[in-house]
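Letters A, B, C and D mark the chains as written, and numbering starts fresh at 1 in each.
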Amino acid sequence: MTVRVGVLGATGAVGQRLIQLLDPHPEFEIAALTASASSAGETYKDAAKWRVDSPIPEDVAQTEVRATEPESVPDDVDLIFSSLPSSVGAEVEPEFCEDGYVVSSNSSNGRMDEDVPLVIPEVNADHVDLIEVQRDERGWDGALLKNPNCSTITMVPPLAALDGEFDLTDVHVSTLQAVSGAGYSGVTSMEIIDNAIPHIGGEEQKMESESRKLLGSFDGAEVTLNDASVAASCNRIATLDGHLENVWAETAEDITVADAEDAMDTVTGIDLPSSPENLITVFDEPDRPQPRLDRNIENGMGVAVGGFRETDDGVQFNCLAHNTMRGAAGASVLNGELLSQRGYL
Amino acid sequence: MTVRVGVLGATGAVGQRLIQLLDPHPEFEIAALTASASSAGETYKDAAKWRVDSPIPEDVAQTEVRATEPESVPDDVDLIFSSLPSSVGAEVEPEFCEDGYVVSSNSSNGRMDEDVPLVIPEVNADHVDLIEVQRDERGWDGALLKNPNCSTITMVPPLAALDGEFDLTDVHVSTLQAVSGAGYSGVTSMEIIDNAIPHIGGEEQKMESESRKLLGSFDGAEVTLNDASVAASCNRIATLDGHLENVWAETAEDITVADAEDAMDTVTGIDLPSSPENLITVFDEPDRPQPRLDRNIENGMGVAVGGFRETDDGVQFNCLAHNTMRGAAGASVLNGELLSQRGYL
Amino acid sequence: MTVRVGVLGATGAVGQRLIQLLDPHPEFEIAALTASASSAGETYKDAAKWRVDSPIPEDVAQTEVRATEPESVPDDVDLIFSSLPSSVGAEVEPEFCEDGYVVSSNSSNGRMDEDVPLVIPEVNADHVDLIEVQRDERGWDGALLKNPNCSTITMVPPLAALDGEFDLTDVHVSTLQAVSGAGYSGVTSMEIIDNAIPHIGGEEQKMESESRKLLGSFDGAEVTLNDASVAASCNRIATLDGHLENVWAETAEDITVADAEDAMDTVTGIDLPSSPENLITVFDEPDRPQPRLDRNIENGMGVAVGGFRETDDGVQFNCLAHNTMRGAAGASVLNGELLSQRGYL
Amino acid sequence: MTVRVGVLGATGAVGQRLIQLLDPHPEFEIAALTASASSAGETYKDAAKWRVDSPIPEDVAQTEVRATEPESVPDDVDLIFSSLPSSVGAEVEPEFCEDGYVVSSNSSNGRMDEDVPLVIPEVNADHVDLIEVQRDERGWDGALLKNPNCSTITMVPPLAALDGEFDLTDVHVSTLQAVSGAGYSGVTSMEIIDNAIPHIGGEEQKMESESRKLLGSFDGAEVTLNDASVAASCNRIATLDGHLENVWAETAEDITVADAEDAMDTVTGIDLPSSPENLITVFDEPDRPQPRLDRNIENGMGVAVGGFRETDDGVQFNCLAHNTMRGAAGASVLNGELLSQRGYL
């Protein structure tokens, strides 16, 4: 059974990664690509400045780009991936849901809405059923499912591995984020050569709130946020891909480095096509993971950790994931696979 | 009154910065330059691969480099600056002190020794009198004074501004450090282009211990470490100069962002030639300080702070200083000025 | 006698460098700053995203920005510096000239017009008198003087030093250009990290034509282009400032490396405030000049050369100049000083 | 029939790429790995600092590293790949050849020796038979075959495509070379961040001589150098992999851009496992090829060209190849495949 999918915002940096993941994909088939109104009617090749390091798929290149509105998308599309700017997403995604489309979205709008599930399948797949509440409240035939921010996705799998057994109380996280996270033109060369920028607008707040929702519990009616305190500090550096993060995790229960490594090493995956065999790879070398060397681990869908040290009330470690794969496009595709598996399409 | 000074390890990256600061200097005059035995007898120009962005001073260029041993240095040298590799420093610096030389050292060896003062003049100038204890115990006519590690120097002035009034309890710090901190050949280009390295050997331990000594109290006999807990995570990134640090400071007393900014903004300097008028510059813009834009503040001797946010039990902020100026060469020169002012030469 | 000057396009990358050079300046005083209509009425501080590494001059910061049109500029302004986008310059500069303003322009429009002098004062100051022809033909009270493209300025002084005595016949030049040459947002970080771009639109054509005009002869009525053949290949690389160029110069007369170095080393300057004492600095070291080490030579107004080798019919060498100083803002200021000295204001 | 191969200098940057290509390889099987005497006896994993972006092959990781001398290598090894420093290669390679080993070498020593074939199989495979002359003269049972320098390999395939039909007379080439060409520690980060270095020792001479040997003719007894004049200027820039080159090719016959593109586009490959289907890929986009986007073309074994313009007596264009794949390790493997095909093992 092939699922016909559409991609909203297909020409952007994350949109290009989505296409790279969807062509080919064992379950999904690209049926519609949208972009801003000014590009509608052009071929994808002309509309997009293709900058992914694999060639543009030939049939995608010749596909005509549509306007980003429900009327432009064929009715037999079963699943929509959205990587729109959040202001556009806030307006357009609900229109698609009202029209009956199921949307797996990477856009930041609405992630903290009480009836919108925010999901990393290997961490909190059960939250997907918040869709039932959502449909009740909003009267939608469709549904809206979100994946978190790229910097949040990087740290939550290792934190989840600790929380279950050791009970997180306080988290401090400092990020060294790649320029691709800001989109193709988001960071100019003059800003970042021989430099770092200790500010990414709204990013710290996203990490602090989204992580607590992901690590929260769902009782069938609502998600209760995890009660750990999370404090984030976000920096942009001159890397192309791969967010590296320094994490201090304090726990209520005693924890050693060996405990933490073991908890992360034994995380089991989930049976979805894009979920990696090893969600978390633990490095022994003290100077790993590094963005350039380790961002493609598990085809860009893994999380790498290392640099463990014991602290007064917990452990510190470093984690890394590919921000436009595991942290964005891959996260959305994985959520789409979960929606399919759970019968929401 | 001119003080005749010698520089041990004069050809290295910090040695070159020392020369840049000492020629000209209102009080000090370069009288001897040393390097490894293999360079002894060469002119400085031939022995050093000069890479500072101001031209090599003409008289320095023609100076003959000496071996790094007390016998090679003229007796009328009053003050020694040392930027030796720590293994060499550990061996050679005590020999100079025994021979009666007063040494202001940037090398990491011995910084935590109980009878060795570790000083940032604007923060804990009173610790310099630990030299009396040192001379008693070691029977030296000379003396050994240390400045801390570059990453430590960056954060301690702002932390000191908070500790007095608000009583620090817990500090977390994550660093984004420039490649010059590892010396001219310390980081290869293949390691750092499109990359970051979440490990600098021994650096986290230095920050955690040295900061507590600097913020500690000296009662005339010994230094009691500050009782705050300090946890550090250190990263190397692709910047040339300037260490940027994300700091979370928890305090026993209630503190607001305005309190913290005010405490730092009103730090007064110290009356030494190389101490800046404004030790700490507070930025309002949320994306400052940045290494390339702000590392030269106050001729590279200032500390820049910004990005303040309130947290549950304190504040978070970013700080930046020039790692080879304020963080190394400038720190040693300043300590030399303090030794002169306090009559230790 | 102070000359009151206006700056068109004052908020851009070159505009900021112009302000850095004009405040203070021994002859010129800033009297008007213009930007796009949308910024008119704002203070300069608010309108410009100041990114030069010296602080914004306090009085400039508070200056109100005007619209870029003759009516907005006070009549008592004697000299206009223009660093507008070429499409805007093509429209607006003639309006200023008609209104009686003398304009020293860095914009690329009109550089090859037959009655527009294109001048590097140390190379072809005599061409400035083409203004007489221009005024005759266009009926202007004002005047329009251009400086060449930044990549052209870098190579022409050394080529001029060779042409006089050895008669250039063929020039090949390959450039490694800094990102600042494209303006603050001209090159994205994703384009240039771990990359180089072998194309800068129109740049090769500019180098090929402008160099022949600069090296041409002016007989009081028209400029005859130099008859050397010039072939350029232009690349963008990940440097912030400083264009580095590989040049092969074939000459009609026999030439040795020593001849070439001597010809360049003995170029004498011109008596203008911003002209450096040594226009051309000859490096002996084979790996110099380098952008980061040598771009600030002579306060950014010098040209550095090195790497000489003899070829079959000439010599090859490398040259470097600061592209936004000597290559743009400084070039315009220097041309303004020439206009003042020659009595055109 | 599997060929058992040894790798001399297996732990270096090119050595690591050799292993990446040889495990697995359709014809070759790794039978011996050598490194400097100090590493002999260690496992490969311990001896090498593995920095290639694919994981180290498990069986290679556990292989014991041998000393680089004929006695250390098993007699049943049929083919030796050498990527030794040239000073070591000059001493050791002849010893292996005397002992009967056939050596495909990437080291620069001996490339211009009259009886040593220098080969790019798609360009001058016939030169391999110079081995007959070599064996006669040196009395070897083994043989020594060289591939050229990485920067030479990049430009020679496109030049060969032009020479046949249009007869090259003059070539100027300017290179923008990646740091990996200097080995893992060859370029420090302080040398190359925000910088470019217009000098690579000996590189210009290599390009000028090796290219004429590759494009020369072999009559069964000796290689006559191509009579075109070649002038090179070499630069190091901040790219990790991929040498980009600007080329001006003057020809005796008239040539248009279309002629040049057609000549390159229609080059046919050679029937060897590592030779790409399309040796040369012609880009229409004026800003391609670019190192980061195009270096992996044809699995790193292709040459990309673009940016064609007509000049007075020929054409100019840009070319790019992966310097450690097509330009080094892949070149040696390909030469090994040629030796096998031609019956020299």
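The rule is short, and it goes like this: contacts are C-beta pairs under 8 Å (C-beta built on N, C-alpha and C of every residue); 3 or more make two chains touch, one makes a residue touch a chain.
Values in this document were obtained by computation on a predicted structure and should not be read as measured data.
Averaging Cα atoms per chain gives one point for each, and the point farthest from that of chain B is the centre of D. One of A-D, A-B or B-D repeats the interface of A-C: more than half of the contact pairs, counted by residue number, are shared by B-D. One finds 42 Å separating the Cα centroids of chain C and chain D.
The distance from the centre of chain B to the centre of chain D, each centre being the mean of the chain's C-alpha atoms, comes to 47 Å. Looking at chain C, one finds that residues 51, 193-194, 238-240, 292-293 touch two or more other chains. Note for the complex: chain D touches chain A at residues 51, 53, 193-194, 240, 292-293, 296. Touching chain A in their complex are the following residues of chain B: 172, 174, 176, 193-199, 201, 204, 229, 231, 233, 235, 237-240, 244, 246, 248, 286-293, 306-307, 309, 311-312, 316, 318. The part of chain B that touches chain D in the complex is made up of residues 13, 51, 179-180, 184-194, 238-240.
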